[in-house]
Amino acid sequence: MKRIAVIILLGVLGFFIFSGIYSNEAFTEFGNVDLNNRVSNKFITKSVTDENDIVEFGKSSNLETGSANYVTSIVVNYRSFDTLGEVTVLFISSLGVALLLGTLGGKLTHKYRANFILRVGAKTIFPLIALTGIYIFIHGHLTPGGGFPGGSMIASAVLLLYLADENFRAKMSSFKLAESFAGSLYVLIGIFGLLTSGYFLNNFMNTGVIGDLFSAGIIPIVYVLVGLKVGSELTGIITDFLKVEVDE
Amino acid sequence: MDFNALILFMVFSAVLSYLVSKSNIKLGAYSTILFSLISLIILFLGRNNIGNEFSLLYMNFRVTAIGWYFSLIMILIYSMTAFFNPYWMEKILYPSSYNFLYLFSLAATVGLFFAADLITLFIFWEVVVWSSTFIVPLGKSRKAAVVYFTISSIGSMATLFAIMFVYSKSGTFDINEAFKFLASEPLTATFVFFTFITAGLTKIGIFPFHIWLPLAHGNAPHTFSPVLSGGLVKMGAFIAYLSVGILPAYKAFSTSMTIMGIPFQIYLLMVLGAISIVVGTLMAIKQDDVKKLIAYSSVANGGYILIGILMMDQVTFAGSLMHIFNHAIASAAAFLTIAAIAHRTKTTKISELGGMIHKMPVSYVVYLISIISLAGIPPMGGFVSKWLIVQGLASKGLIFIAFAAFFGSIGSFLYVFRPLAGLFLGQLAPKYENIKPSTLVMKIPMVILASMSVFFGIFPKYLLETIGEIQTSIGIDPIMINGDTITTINGVLNTNKVAAIFGFGFVISLMIFLVLPKSRKVGLMDTYTSAEFIYTPELYHYANSFYAPFERLYKNHPSVEKFLGKFAVKTEELGILVNSLFFSHKPSVTVLWVMAIATLIFLGGVDI
Amino acid sequence: MTNPVLLIVVPLLLAFLSVALKNNKKQLLFIAAVFNVVGVFIIENGSYVIGGFRAPYGINLNLDAYSHLAVLVINILFLLIITMSNEKTKEFSTVLLVALAGLNGMLLTGDLFNLFVFLEIVSITGYILSTESKKYKYSFNYLILGTIGSGLYLFGLIILYAIFGSLNMADISFKMLSYDTGKLVVPIFLMFIGLAVEAKLIPFNGWVRGVYGNANSLIGSLFASVYAGTILFVFGRVFGQVLVLSEYLVAVFVAIGVITLIAGEVAAFSKNKIREILLFSSIAQSGLVALLFVTGLIFPTVLQLLNNIITKAVMFTIAGKISDDADTDEADKLKGIFANNKIIGVSFTVSALSLIGLPLFYGFYSKINLLLGLFSKINYFVAAFILLATIIEGAYFIRLLVKLWTPGEEGKESNIKFVTDRKVEFDFNKKVIAFMLSLIILLAGISPSLVKTNLFAMNKLLNEENPSYMFELKGGM
Amino acid sequence: MIQYVSIVLMLIGIYGLLIDRNIIKIIVALNIFEVGLNIFIVSVGFVSGGVAPILTSVNSNSALIYVDPLPQALVLTSIVIGLGTTALALAIARKMYNAYNSLDLDEIGGMDND
């Protein structure tokens, strides 16, 4: 009975949301978006500060943002402050998890000895995954992906090692340092931009030709830091979850 | 001395008194006497300040004749009551704060009476309320303070609404200017009149706002009850005056329906005043606690005062202003005598006392005089003022109101007699055999106040001349007084003759009393029934259930207290409902609310 | 230093560093708080873009009179609160540093999506802080509701983006002026829900009782004062200045505000625990502030908001400390507790009286101003409701104060022997700061012109009748 | 179509929040809601016939029709925030299980019995 009532309520609500959204002719229908009506228009032509008519891959150079990946240009340049906030969200939630679960005992939930295949396999795969992760965040301005997926990959690699190698578990605290280091450096880069050019998180490095590896100014640097930070934070969250309650 | 200096002095004297009390409690208490007396003298001698205007910070003041008159009463009551403060310092939980709040509330009342704009008026009004609110719970009841504050804020919030409303229409806060536009807008004027006067009604204790008086007056510290009853209640009269005197009520209501020649708006309030007289009288008769008894008599007297002020004419208004003074000194004196008794006996219940005349004769005389004055019996001041009020009412043909006034006078005989007989006369309970009479310092204010009651009863002209000047200053005909003869439309009163007659009667009865053989005194324990010894002789004291047969007549009366109590309970239940409806540890409850509300809002706001 | 972004990034930097510098976390928190308090006096008004990209495209921070006042007050209160409850900050230093950054970010940002990010940061710090009481079910409730709320905010915002093609506050505000806002009921109300959950408006605030009711002196006062203040300032920004509301929505929001006000006061009236009284009073005040913002009164509303958060900082600190030390915060069990803690008692009393809006205290000044505002807008009914709420508020606060000051049974004179046995020791910091704050309340009440000319030199801008929120779209320092 | 589905997904998530008493299920429902929201965000930026917003040697010209990159950037932020809150929610859920020995909100009990 309760379920039916809730379904009816949500049905009515859904109906109103639908009609509220779609009865508005200004709400562009799915797929009919005209980018000229949106701020994204300028992101495509990279002409927020300088007017550009057309940006060409492999030819245009010294643009306001050198990223070939538009999403990356938004994430790290145009709306870089959001990204800083995003990193902070991850930082604070890993900290929260640590505060909540970190006081628990430091042992794995399931005591086991990793078998041979896991140990050898992990050691073999670890560099590959890590390398892929690093590749992804270094090429974040050229290909899909970036600091967050790359960081997650590194975290998964580390997790694998964590499961496989008991000695490795003792060294986990160094990730806290990496996290702190990466975060602080990110902010410091921003402040450096503020000091040199007057804008926080300004792209103070020259941008090269679009499509080159070293073409995107601070983007790769930021993405490396974000990747490290995300990797260490996710690792921290997972290791905290693996701890068990100690009876006091 | 300028009065801005007076107000500053009064504020600083409060702070100073606090500091003095911190070092020496007794000294601090004496300082309240000193400071309030100095203020009284400055105010009394500074009558030539009337008409002056001055400002402090953002507050503006204007000294008016009526403001001066009210201030004088207020400071007089405060300074007289202050004589009792030294004896209560050890008994009160926060003596220094008490002294501070005592003088601070006094300063605020004076500021209130001199206010030139409505914001200043409201500021001081609220300051008086909160500063006195913190004194009340030092006495016997915590609940009293809450009821007092709540009822007061019902009034003050209504008044604030009126003030803001008037400001939004007229664009000024100046008391004399702000209300002027109402003269031509009867409907708005009706609204403003009722909201603005509410604060006054709550303060005077007009039905149905009267319930705080017995609670707060009856339970406040004994040294503060006189101030509450004699002093602070009169602030309400001031607001009532503003609502008919400054707010052009009669002019605005000139086109509205009239009852007995009075606009129905004003008549309605007069009826409330009449109800207060009846309720106050009936309830006073029932009371066993003297303080509550006097508090209810204040309700009744508040009714007289309100009716008189609402008339705004030559006779009744003068009577009312005079009654404000008479009631102030008489009820303050009555409360002071009770305080003096409670100082020795620790109780104020009539049934627990008796025979106090043997121990405290001065208190007895003072109490006798004041309560006679309260009841409006000649030759005291209260008689003159009540006579004026009744005369005024009768001349206008306001039968119902006048009937209530008569009823109040007759009923007052009953409640006057109860404490007189039960508390002062009769047998003395054995446990009070060894109590001492009240101290000299306590006797000073009691005697002063009592003699004032007598003096102004016999020579009312000294008071009525001042009142006449006030009447002239606000544009109504002054009361006609020639020597000690007061002339009204259908009656003449020569107070000297009245006093002489009563004095003659008093002498005769004194002679009879002296000539007749003395009655034998019987101790309270000197009693037995059927050879059985009585262990609880108090129950056989005649003060116990004094008016039992009479009270039975209205035992199951409806009561505002019960109604408001129910209201409070309902509010609390509503709060619990709010709590259980909206606040849970389950997210689903709130999410459901969010979705339901969203659906509702979209239902009304989305074009489909 | 004139760029306000430092108010956000310096605490953030210190937060990141504090993970490495474990032993000096507390000092870092203090340094950041002091830095921000100094900073708010140096920063200059204007629009600051992040990354050098001009405003509707990049994110900008907007420091005008309104947000300047907001950061000023919030940072000072933050410093005072962490100093008052100095002994409790150690465990949560990093969280508090991030919270400080997030709060400043919320107040300063000129971008609606960036606001969402900072809102999330602040909410997550809130969830973490709320776990301090070990009442996890309430934290969980808070988390779920907060997340749903901000999710709905984002939903509404994206719909707005699809319509206007921008996320920038000023840009959207400008575009809305020439738009039939009656068609925007769904997105704007969804955004409203998001902020209402955090701003404690009934019925969106199911989490408040569990979280506030169990918070200690530090966390309770932070929530009730700094967090509530920030979210309400942001509420005022978004719904009072940025979004142009249709008449229908104004009516709806005012109704929700009035319901919150009255229901909050009534619920507070039915409570006996000090913190519950205070939390319901906070709810009521939030409703009041929200409805005033929606009616377009900026200046008086800010005054009332300041009144609420300053007094709540004092009162929640005291209530939390009492509850920490005495193991209860039921007023009936704490009769006369102020008899032994007079300075604290006076501070609490002054705060309570100011909150009721009695004269000689700052609250009166704000109450008069908001009534004047409402009457000038012919909003008589709202004014009447506010006055009604004041009566209820006065009743329960006086009842509470009377209980805490004057112990005694009915019918017996108040006496020291009725004072509760429970002992509460207030440390030096709490006494000094609480007393100082109450002195400020008193001073501001006695001479509001003093405050007006010094603190509110910016009142001219706040006072202007500008229903929509606009500023020059510019970049640079 | 996918836009409608995303809204329906959000409603399903809310349905779960309303019906479920199990903490873990509530968290899952919250995630369903967030997924729906994220799909909605992305869908708002879709341009029919547009290409992925990356300049490559194939799509080498900014004059081409691209889908709106901004919602994609926003959704990235939204996902990460969702991840953070989920992690925290799960941590709190674990503490709740330890404290109350149950994952059922009804069993954990109401407001006034703690």
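For clarity, chains are labelled A, B, C and D in written order, and residue numbers in each chain start from 1.
In this section, contacts are C-beta pairs under 8 Å (C-beta built on N, C-alpha and C of every residue); 3 or more make two chains touch, one makes a residue touch a chain.
Note that the structure is predicted; figures quoted are calculated from it, not measured.
Asks: So which chain ends up in the middle if you average the CA atoms?
Replies: Smallest centre-to-centre distance to the global C-alpha mean: chain C.
Asks: Write down the chain pair with more C-beta contact pairs when B-D is set against A-D.
Replies: When the contacts at B-D and A-D are counted, A-D has more.
Asks: From the C-alpha centres, identify the chain that is farthest from subunit A.
Replies: It is B.
Asks: Measure off the straight-line distance from the CA centroid of subunit B to the CA centroid of subunit D, and report it in whole Å.
Replies: A distance of 67 Å separates the two centres.
Asks: State, to the nearest whole Å, the distance from the C-alpha centre of subunit A to the C-alpha centre of subunit D.
Replies: 16
Asks: Calculate how many whole Å lie between the centre of subunit B and the centre of subunit C, each centre taken as the average of the chain's C-alpha atoms.
Replies: Whole-Å distance between the two chain centres: 42.
Asks: Give, as an integer number of Å, the spacing between the C-alpha centres of subunit B and subunit A.
Replies: Centres of subunit A and subunit B (C-alpha means) sit 74 Å apart.
Asks: Two-or-more-chain contact residues of subunit A, please, as numbers and ranges.
Replies: In subunit A, 6, 10, 13, 16-17, 20-21, 23, 33, 38-40, 43, 79, 82, 85-86, 89, 92-93, 96, 100 touch at least two other chains.
Asks: Could you list which residues of subunit B touch at least two other chains?
Replies: 579, 583-587, 591-592, 595, 598, 602, 606-607
Asks: Hey, what residues on subunit D touch two or more of the other chains?
Replies: If we look for residues of subunit D contacting two or more partner chains, we find 14, 17-19, 26, 44, 70, 74, 77, 81, 84-85, 88, 92, 95, 105, 108, 111.
Asks: Quick check on the complex: what are the subunit A residues that touch subunit C?
Replies: Contacts found on subunit A: 16-17, 20-21, 23-24, 26-28, 33, 37-40, 42-43, 48-49, 64, 77-82, 84-86, 88-89, 91-93, 95-96, 99-100, 176-177, 179-181, 183-184, 186-188, 190-191, 193-194, 197-203.
Asks: Using the touch definition up top, name the residues of subunit A that touch subunit B in the complex.
Replies: 6, 9-10, 12-13, 16-17, 19-20, 23
Asks: Within their complex, state which residues of subunit C touch subunit A.
Replies: 3, 5-6, 9, 12-13, 15-20, 48-54, 56-59, 91-92, 94-95, 98, 101-102, 105, 109, 111, 113-114, 117-118, 120-121, 124-125, 127-128, 131, 159, 161-168, 171, 179, 183-187, 475-477
Asks: With touch defined as at the start, can you tell me which subunit B residues reach subunit A in the complex?
Replies: The contact residues of subunit B facing subunit A are 592, 595-596, 598-599, 602-603, 606-608.
Asks: Inside the complex, what are the residues of subunit B that reach subunit D?
Replies: Contacts found on subunit B: 579, 583-588, 591-592, 595.
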